[in-house]
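You will see two complexes here that share chain A, one where it goes with chain B and one where it goes with chain C.
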Partner chain A sequence: MYQMFLGGALRVKAAALAGGAWSKQWRRWAPVAVLVGLCIIIGLFNPNFFGGANFVRMLNTAAIPLVICMGVTFVILMGSIDLSAEGVIAICAVAASMLVANDFTGIAIGLFSVPAAILIGSLVGLLNGFIHVKFRIPSFMTTLGMGFAGIGLATAILGGVMVRISDSSFRDYLSLGRVFDIPAAVYIAGVAVIVAYVIQERTRIGRWVYAIGTDEATARNAGIPVDRTRIIVFGIAGAFYGLAGALSAAQIGRGHALISQDRLFTAITAIVVGGTALSGGVGSVLNSVIGVFIVIVLTNGMVLMGIEPYVQKGVQGLLIIAAVALALDRSRLDVVK
Partner chain B sequence: MAAILKNTLNRRSVLKGAAGAAAVGAMGSSFPMPAIAEETTWTLANSLRSVANPYHATFAKGGEDFAKSIGAKYEVLVTEGNSEKGIADIKALLQRTGGKLILNVDPNDSPDARVIVEEVKKAGGFVVTQWNKPADLHPWDFDPNYVAHMSFDGVPTAEAIANELFKAFGGEGGIVALGGILSNVPAIERKLGLDNAIAKTNGKVELLDFQPADWNEQKAFEITQAWLTRFGDKVKGVFAANDGMGMGALEALRQNGLAGKVPVVGIDGIDAAVAAIEAGEFAGTVAWDPLWTGGMGLAIPYAHATGKIDITKEGHEHREFYGTGIIVTKETVGAFKNNPPKVDFNDLWGKATGQIQYRG
Partner chain C sequence: MKMESRTRLQTWLPLIVLVVLVLLVGLYDRTFFSAGNMLEVTADTMTLFLMASGVTLVIMIGGIDLSVQAVASMTSCILAVYLPRFGIFAIPLAVIGGVIAGFAGGYVSTRLRIPSFIATLAVSGVVLSAGNWFSETKSVVIPGELSQTYLTWAVGDFLGVPNEIWVGVAFLLVLSAVLGLTPFGRLVRGIGAQERAVMASGIDVDRIKIAAYTLSGTMAGVAGIVMAARLGSGSPTLANEFLLPAIACIVVGGTAITGGVGSIWRTFVGALIVQVVRIGMTFIGVSVFAQQIVFGFILVAAVAVTMDRAKVLVIK
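== the complex of A and B ==
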């Protein structure tokens, strides 16, 4: 026990010596530097990039990915992975659109559909965690399966049709309405980020996530209720997906099973680019915020700079690898796989 | 999974309520129930990507309608975008039915069609393919088991709907265009049709930018937002190679207060697009009539199997043919909704519009 702690302490110490304090500071700020650098380059090509309207558009595009990333980040910090986001969002978006005034069901509970979606999301998340922990099935498989099941369930409920939302106040409060010319979805995403940051910094769960992600055996020996924490963290992630589901439904005014297509890959890319390690223990929800903006700015910039569609994906891929190379502090990782 | 999806269809048809049931009933009554028990020993099946998308859900419904009209067993096979699964399911069903299978398949990818046709021929069943097949694979080379191939010609359709878009903004100005996955045949055809339409305006309409959004609503949303920054009010219209992407573009316009001001066109004829046309936000879409392809892909081989026609004596224009896309615009949307395309299972080629062409 003692040796284990000592081992851990020595490893951190050695890394600090090898990397040096300056390098550590640089790594910390590297994602921000990447983001600023990208903005400057794109701005040089097309000055419209720095226009207020474009910033509002990018914030608006970033809102839903931000909410999703707040959930996935905790799971990744814990050293697990959550691939269920798309399925859970699909269920929650379909549920939310069926609970407000719509053309499919006779129910119309208005904004109460938002907490309902969050509740459904967190229940599915808790189920993810429960299956993963109690049946000892790797989170990769558990959440992958749950994601498929989610899309299957949404499909089964709708049978290929779409639910059209006719409740305009639902869409206004969650997406279209603007305060100081900034869309409602941006404020909601902002609140989600603050909530995630508070969970990370001010709660025991937040601290335990790091302990489990860094070294689960040590965390267990130190008396941290690892299993319970894991289940709760998957539940928290699900709650964020639930909110993302309601936001998605409000954004496009419809609910359908493929509403979150390709969202997951964007989210995981953003998290890694932001400097959170897939191996767990390293990173923060704030890193993910920067990561989301890197991905969004990149997509926006490609179109603004008029880069050929054939070249875009290649450029995107290279920049992502470069961003991770700069941002991720690999000196603290024992193994890279 | 397959079981759930199958149930869905039943559930959906129940939910869709009286209208659907009445239609099916009407169709059923116009068809004499088979007198000979032998006829019903054929199993009918439609194979498609996923009932999560409206096009394929309706395609599956078309097959169900026909099967009900003759009182046959009907199954829906779902590939979920996986060629291996698609082929394996078909093989299993051929095995289970002892080759007494009539199959209407939208192959997940073109090369799959050859494997599927060969398997069906070996087992003695009958097959019709939709949309995807290699250019050198022809029904008449696999007589009589490979009954027909059906498709829709993307080039003239895209050209027609692009012209509707130009009309909507006065025929002069810049447009932006969202394409499908770059390597998909429909995506290539629809881009070609758009290019033709633009060329014929003699420079009056300018293509400001073309971006593939991979048939994805969300990508279309993001790209359209960026276009508004790059081109601002130079964008007079948005062309989308399918309705899903068109809806993404429309919501991006709405976020910027431009819904209804900048017209959008799409292709597929999904309900949401038809509603957007009524609201004056979409300038048009093309409805593919999947109820017809879903049912007729079974009705033609069934007519051959029961001796009503001899498919080997039919001309090439009845073996490889295009269906009719219906252009829906502000002017025609009322008529389209009140009078949806009817399917007459006795009129086997009534909606065929010419033999399939192979371009370059």
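== the complex of A and C ==
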């Protein structure tokens, strides 16, 4: 059952099994194989890895990256990139923490701050998309600028201080409270994955994303509203960052501008390691789920093996290079910018 | 005729903007015009310019280098850690660190065919770890007497002009000569303008590209050394917050993100514009944090103005 589900989701076609499609097949399943292989190797080094407590810890660490990746994946599937995640998350985390009971503002709207954060995130995302499409600026430039502006905005609002959240039910419902010993954040991330999967499989936007990523000119000729789809997809991505912002604020109980540090890098690593191609059109949100767990398991494994934390970024960098180099379909590219 | 005057305007626009900005800030505060202040402002700009000068080449070939801030931080660490041990040889060692990082970015981007912004982002992760490894994640102080012996070329002054400016101008001249007078420079422009054509004429495009990325890493390395010399310490986060201003000063100077058009002096002017804008904002009372917002928007606006839209049909 599980195999069927994952198999269908990763777009395995029975016909592809025949003959020369072997390497293609391998590419599709490589991320899963890598994840399983990693687990086995780390488990051999340190049997504690397979303990229930460690498993819950990893799930909890994976929650926020999962939510972020759900957003970035759609953008990458279109062949664009979103480098603004950190900035948008910072704005939304600061906004969320200012809207619940806190020591900075007098506002306390409790859990309504979550939809508010999602709304703010999607508005910033739409602005990203609008600038990118209407002014015809490459997405990496638009989102790079917006990301920095976002962190600047979050810092400027706070003047360099932190917001302390005093609303404990906000933190419980979003992050800390446990059901069956698993933190709430994990369930929320699970819902986010399902929502993203439904968008991908069951909506027109989801289908159009693949069409645009595969061949934008053809998609345009086929009558797909490419510009509108692009703007909406950036908006969807922003909505996921908004949720990630609220989750981050709930997790640490504070809101500040650097709350999302290094999140972007981890997200992009996870997505490409999961097998979604940066050139667009190939991949899935479920690939990103696998990717996130590869990164989290690796990080966890490095900690268990006693490797210095600062090495992680380097390992992530090498992972990006290796994953992209291995997965890249070179026949599709001639000029690489 | 109209076309011609328009391109001429585009050529000189950054310089005009710079003069106007200087006048505006000067009207606000007369002391800004004093020779001492002018020199100080220019000297403060040089590290930014050094960092941006190499990236200019990468942008001219139509790529981007997002690793420069990590590279500069790493070389500052190498310098600070090895200066007590190896003396003057720590400087070439640090530069070599930059060369290797730049080469790695170029190699990954071209030979492995990974888009440059992801390739250099990935390399910057590795470089950041390397910087942390060299400095053992700490900020490393350069002892004053060592700085006196080995680093006065960067922080002292000569003929009344701070040495940062001499260093900056020297690299401005060298890189401009490389870009303007050598076959390499012509190929850089050619690749940016029409990569396929250059490829079709039998030139090893990848090699030129790798050279451009390597130069970018080298210049980031030099920038890191000058930065460490000025601050008297090296740290793995020394050059953070420099990436955005560096790219901003390239595009503000008029180098197009789409490649092919640009020059080093434009980046020089762009760096001065960024610096004067920053000073102006500080005068008006815009906080350092809020300045990031302004730079974010300046960047996007400048890209919008300078981009050659005829060249890219599909904008990803």
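Note that the second predicted complex is superposed on the first by the 287 of 337 C-alpha atoms of A that agree within 3 Å, B and C clash if a C-alpha of one lies under 4 Å from a C-alpha of the other, contacts with A are read in each partner's own complex, and residues count from 1 in each chain.
One rule holds in what follows: a residue touches a chain if its C-beta (ideal position, glycine included) is under 8 Å from a C-beta of that chain, and two chains touch if they have at least 3 such contacts.
Just so it is clear, the model here is predicted, and its values are computed rather than measured.
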*For A:N54, decide between first (touching chain B), second (touching chain C), both and neither.*
first
*Based on the superposed arrangement, let me know which partner A:L318 touches: chain B (first), chain C (second), both, or neither?*
second
*If you stack the two complexes on chain A, which partner ends up touching A:I194: first (chain B), second (chain C), both, or neither?*
neither
*In the overlay, answer first, second, both or neither for which of chain B and chain C A:L304 touches.*
first
*asked:* According to the stated criteria, A:L144 is in contact with first (chain B), second (chain C), both, or neither; which is it?
replied: second
*Of chain B and chain C, which one touches more residues of chain A?*
C
*With the two structures laid over each other on chain A, which partner does A:R164 touch: chain B (first), chain C (second), both, or neither?*
first
*If you stack the two complexes on chain A, which partner ends up touching A:I41: first (chain B), second (chain C), both, or neither?*
neither
*Figure out whether A:A257 sits in contact with chain B (first) or chain C (second), or with both, or with neither.*
both
*Does the superposition put A:G152 against chain B (first), chain C (second), both, or neither?*
both
*Between chain B and chain C, which residues of chain A are contacted by each of them?*
148, 151-152, 155-156, 159-160, 257, 310
*Any idea which chain B residues touch chain A in the complex?*
1, 4-5, 7-9, 11-12, 15, 50-54, 56-58, 60, 182, 209-212, 216-219, 221-223, 225-230, 232, 247-248, 251, 254-256, 270-272, 275
_Can you tell me which positions in chain C touch chain A when the two form their complex?_
62-64, 108-110, 112-119, 121-130, 132-133, 137, 195-196, 199, 236, 244, 247, 257, 259, 287, 289-297, 299-300, 303-304, 307, 309, 312-316
_Footprint of chain B on chain A - complex, ascending_ = 46, 48-49, 51, 53-54, 57-58, 60-61, 148, 151-152, 154-156, 158-162, 164, 175-176, 183, 251-254, 256-263, 296, 299-300, 302-304, 306, 309-310
*Inside the complex, what are the residues of chain A that reach chain C?*
78-81, 83, 131-132, 135-142, 144-153, 155-156, 159-160, 216-217, 257, 265, 268, 272, 278-280, 308, 310-318, 320-321, 324-325, 328, 330, 333-337
